[in-house]
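Each in structure tokens, the structures are laid out below.
Next, two complexes with chain A in common: one pairs it with chain B, the other with chain C.
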Partner chain A sequence: MQPEPILRVRGLKTEFQSAAGVVRAVDGLDLDIFPGEIVGVVGESGSGKSAMAFSILRLTPGKIVAGEVQFRGRNLLDLSEAEMERLRGDRIAMIFQDPMTSLNPLMRIGSQIGEALRYHMGLSRRQADGTAVQLLQSVHLPDAERRIHDYPHQLSGGQRQRVVIAMGISCAPDLLIADEPTTALDVTIQAQILNLISETRQRSSAAVLLITHDLGVVAQLCDRVAVMYAGQVVEQGPTTDLFANPQHPYTIGLLRSTPHGRRRGEPLRPIPGQPPRPGDIATGCSFAPRCHLVEERCHHQAPALLQLGGGRQARCLLREESAHESTP
Partner chain B sequence: MRRYIVQRLLSALMVLVGVSILVFLVLHLTPGDPVQIMLGPTAKPGDIDRLRAEFGLDDPLPVQYLRWVSRALQGDLGRSIQLNRPVLPELMGRFQATLILATAAAVISFSLGLVLGVVSAVNHNRLIDRLVAGFAMLAVSMPAFWIGMIGIVLFAVNLRWLPASGMYPPQGEPSWGKLFIHLLMPATTLALVPMAVIARFTRSQMLEVLGQEFVLTARAKGVPKSRVIFDHAFGNTLVALITLLGLEAGILLAGAVYVETVFAWPGIGSLMVEAILKRDFPIVQGGVLVIATSYVLINLVTDLIHAAVDPRIRVA
Partner chain C sequence: MSEGSSSAPLLANPSFPSRRPVADTPFTRLARNRLAMFGLVVILLVTLLALLAPVLLITDPNEINTAARLKPPGTPGNLFGTDQLGRDILSRLIWGARVSLLVAVVAATIALTIGTLIGVIAGYFGGLVDNIFMRLIDVLLAFPYVLLAIALVSALGPGLVNAMIAIAIVNISFYARNVRSAVLSIKSMEYIEAARASGASHARIIFLDILPNIIAPILVLVSLNIGWMVTETAGLSFVGLGAQPPTSDWGSMLADGRRFILVAPHAIIMPGIAIVLLVFAFNSLGDGLRDALDPRLRKGGR
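Here is the complex of A and B:
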């Protein structure tokens, strides 16, 4: 018997108004996250990963037009803005991509870490400072007592990202959304920050939704992985299973195009073509124009997310037979 | 921070030295020998030379400059030709009136400009944003002297709500209340253009700041939107606007000339206009020096405020 997911996203659709018309960045997204696990979300740029994250927190500049986001049994899309504010930073926290821009340059880092503590836990400024020191120590920032008085420009990129993580975990959230937390950092710092995220998860038992385009990071860190394409989850499952035996042609292509998924001596094979622009309206499977296994029906019939057993799901017509076989 | 202040003070001092040299040279480069003018066309060459020596006009220019500067530092800027009174007290009395006018205009334009700009940015592309944009366009497009005249016709001549000119009524004791009533129209007229400029810049700057990631970070921490605007966005907007505000403060001092002329405000601007028309050079010279000095001081204060609010500048 599987535990209840802490986050259950169903049929989420988010649209943006642009000069070219309505753009649907998230297009019927389904996703489950269970307590304490790290779920990786991978996909190319523009596949809707960040739009999904911001939609969950209801901070997207676009418009959420359909779907539900169940968090601990409540649909976040039904909450008032004030209720969302109580939830943000407290039960669901978010870490951003670029530590250079995600801190307020005019505010001491202690105050920035303390902000969530003061809003959600009602701590005084002094109490919040004390907790900020402990948090900075827990993310291994040396000299924390002195550092809380520093401004962001006095810290390096890696140090700032530690501060951002300390901010994210300050109220011990149930879910931490990390939007490409290592993309803007040096490779050596990347490894340290990833270790820190995994360490944080173990200590606080928060579930982590890790958005990345680095399959290596997913393999190293994530319990489960969801592959996004054109605003939808096209495949998800336990990381090791999914990497060893990808079911969706897009996942297969993605793995072949990176050194991690290739057999020794085999050349890297990029996926031909471009992802559809979010404004394009596709009938049928959105990956069909680039798919190496494409059939005639793929262009007309939109595939559903099929249960493949073993916690695996894929959104591909070609897997319908195996889906039926696995659940006779 | 202390080193930064010392640096800025030194560079302000350098600018002032440069200004004083320019002002001094302007007098000496203008055609015409003052002694010749004083003694008239029938003067004997011997008398001219004697008077030149008496005034020290035969000394080398650097010596004359130093003498002029040391006198200026002691408050002696010479005598006005027209009024036959010392220049400095005359200037200071008039400068005070200008300062009152410019300060009132600064209070109006800075506060309203910032508020309108923030309101516009927060209500981006809604009706109120468009209304403010239209109002700002109108304010910038109409010259201050014209608005001043319309104001006089409307509020002073037709409605008789406000006095048409001057700083105090011609009769009776001056008081704060009377000053306030007289100040209302000129200060508002002077404030209109800077207010519109500040509102537009505040709007665009605020929009840029609101699009930055740290604003999202604050929202993701659960900080309510109104608090994000005040605690995070407004400070960053203001830092970017300090330089503009300093410039506008200088423009208010200089731009007071038109408004003072229209409203017969007894400020340094209208004094300068009179002095230029009557070729009263000591007044013009002293006036330029006073206005330039206040410009330099405003710039200095602007930079120091900038450093005080923005931690990134202090280390630079």
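Here is the complex of A and C:
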């Protein structure tokens, strides 16, 4: 009864060459995204969120060494570069973090939105301009007919991010990857942009992969969440369920270290220690050194991603019993 | 203010600037820059004179008049005086401008084209390609500019065309390195990544995102470089490797006048001023262009 996932990532591993040697930023990542849903990916800086996004589009400066990225039944890692170019921006689009730098300063807004329309959909300049106006109206940029003649520096940060989103949805992609789309904006604009993303999803039925480190954003917007740690998904599940009843000690730690209205007055409890540097070679569970529930076996045995039922998954040895219970 | 509008035009609404925008384009900004305009006027004037040299009512630059040798400036019929063979210096300067400009512009075009091609490819693709190109450029750079030009002309044989080729080759490294570094700073911008993520090919990105964003620095480079090439053309002619007699060229005029510096200083002062003026004009225009082309100085941003 579950529909086919639009994106199915299995065992993705991406490595970077650095002065310190080979660094594995994405380490065996599994992720499914179904049509029309918003999936949040959360994790600390350096947990591999962006590296994963760029790996899906095959734009990572590192090297994808293993795994597969099935998109609508095709493995993107097998496609030629020309086929990838046809797919990027058309079927999978990406929205970047900083709207101040993600627009070409010398290209008018209209031409910039129209570019992708012209090469993916073969529109003429005039048609592309018309579509650009419609797109800008759909992202609620006032005065769109005039705005397409503006340069990026004539727009505010929030307006630019609206333009960036308009560019992202211009070819009606099946998957929209948003890499921390609100981080560079102030809080009131953040809320507007998040509403816009959710509205866009409803209208265009695109699935959205939302990368963020803001749990509040996830709670507000996402249908499902994937929690990343050290290049792996450590817990995954429907948002409300996962926040109400976190299974992985890392998720528990993350939630405890985030302010919440219902726990007013309680002190925030940060997770001790530092995330492992990507170069560190660990045996056993990568979270074991910081885990408050750690057991002896955690240091030797690497946990698998366990099915917990109800669409929940967690990568923790301590959940093995409940995993058996839920999958008889 | 100047259009003499009705009552209290500014005080009526002090918090809003005039709704009628003052035109603010690269051209208006360049036009407001006095030094750059001075440079532009000088360049246009010299170019015009050079182009019109054949139809101007001036004496033949090669007409020898041994009776009127080394006449000082102001002599009737010889406004800038004459040289050691009695040739009219003004006329020779005007004809010499053709040589200087032609060699500089053609050499700059050749060097710019090849240098930009190398710089863009090396900077954009990076890695091994970058390494190979830049090591070749380093080889060029290892020679002092003038020495390399002299060596090239010596190998090719003296003459204007060969001097031009030599100057062009010598300056490829200048464009390649500067263009490469401009490309590197643009390449790390998020909008290049965004263009890749929207499915743009490398060629599209180079032509739509990279090149337009480095045009400003390239124009400045060209303007500064042409000035330098004028000097270099004169330099090659000065040592006898550029324009061959009797062709008048600013550099060979300097070389000829040098021997009479004490008795007839105007014979080197006049071509000297011409060179300095033209080089200065190109440099100030280059600076003005750089300021005018930076869109971040444009009004209307927030």
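Here is the rule we go by: the second predicted complex is superposed on the first by the 325 of 328 C-alpha atoms of A that agree within 3 Å, B and C clash if a C-alpha of one lies under 4 Å from a C-alpha of the other, contacts with A are read in each partner's own complex, and residues count from 1 in each chain.
As a working rule, contacts are C-beta pairs under 8 Å (C-beta built on N, C-alpha and C of every residue); 3 or more make two chains touch, one makes a residue touch a chain.
Source: prediction; values computed, not measured.
Trainee: Should chain B and chain C be called a clash or a fit once both complexes are overlaid on chain A?
Mentor: With chain A aligned, chain B runs into chain C, so clash.
Trainee: When the two structures are overlaid on chain A, which partner does A:Arg88 contact: first (chain B), second (chain C), both, or neither?
Mentor: both
Trainee: One more residue to check, A:Leu59. First (chain B), second (chain C), both or neither?
Mentor: A:Leu59 sits against chain B and chain C alike.
Trainee: Counting only touches as set out at the top, which of chain B and chain C does A:Ser156 meet: first, second, both, neither?
Mentor: A:Ser156: touches chain C, not chain B.
Trainee: Across the two complexes, find the residues of chain A that touch chain B and also touch chain C.
Mentor: 57, 59, 85-90, 93-94, 96-98, 101-107, 115-116, 119-120, 151, 153, 164, 167
Trainee: Residues of chain A touching chain B in their complex?
Mentor: 57, 59, 81-82, 85-90, 93-94, 96-98, 101-107, 115-116, 119-120, 151, 153, 164, 167
Trainee: Give the list of chain C residues in touch with chain A in this complex.
Mentor: The contact residues of chain C facing chain A are 189-191, 193-201, 204, 208-209, 212-213, 295-296, 298, 300-302.
Trainee: Okay, in this complex, where on chain B does chain A touch?
Mentor: Against chain A, chain B makes touches at 212-214, 216-225, 231-232, 235-236, 239, 309-312, 315.
Trainee: Quick check on the complex: what are the chain A residues that touch chain C?
Mentor: Against chain C, chain A makes touches at 57, 59, 85-90, 93-94, 96-98, 101-107, 115-116, 119-120, 150-151, 153-156, 164, 167.
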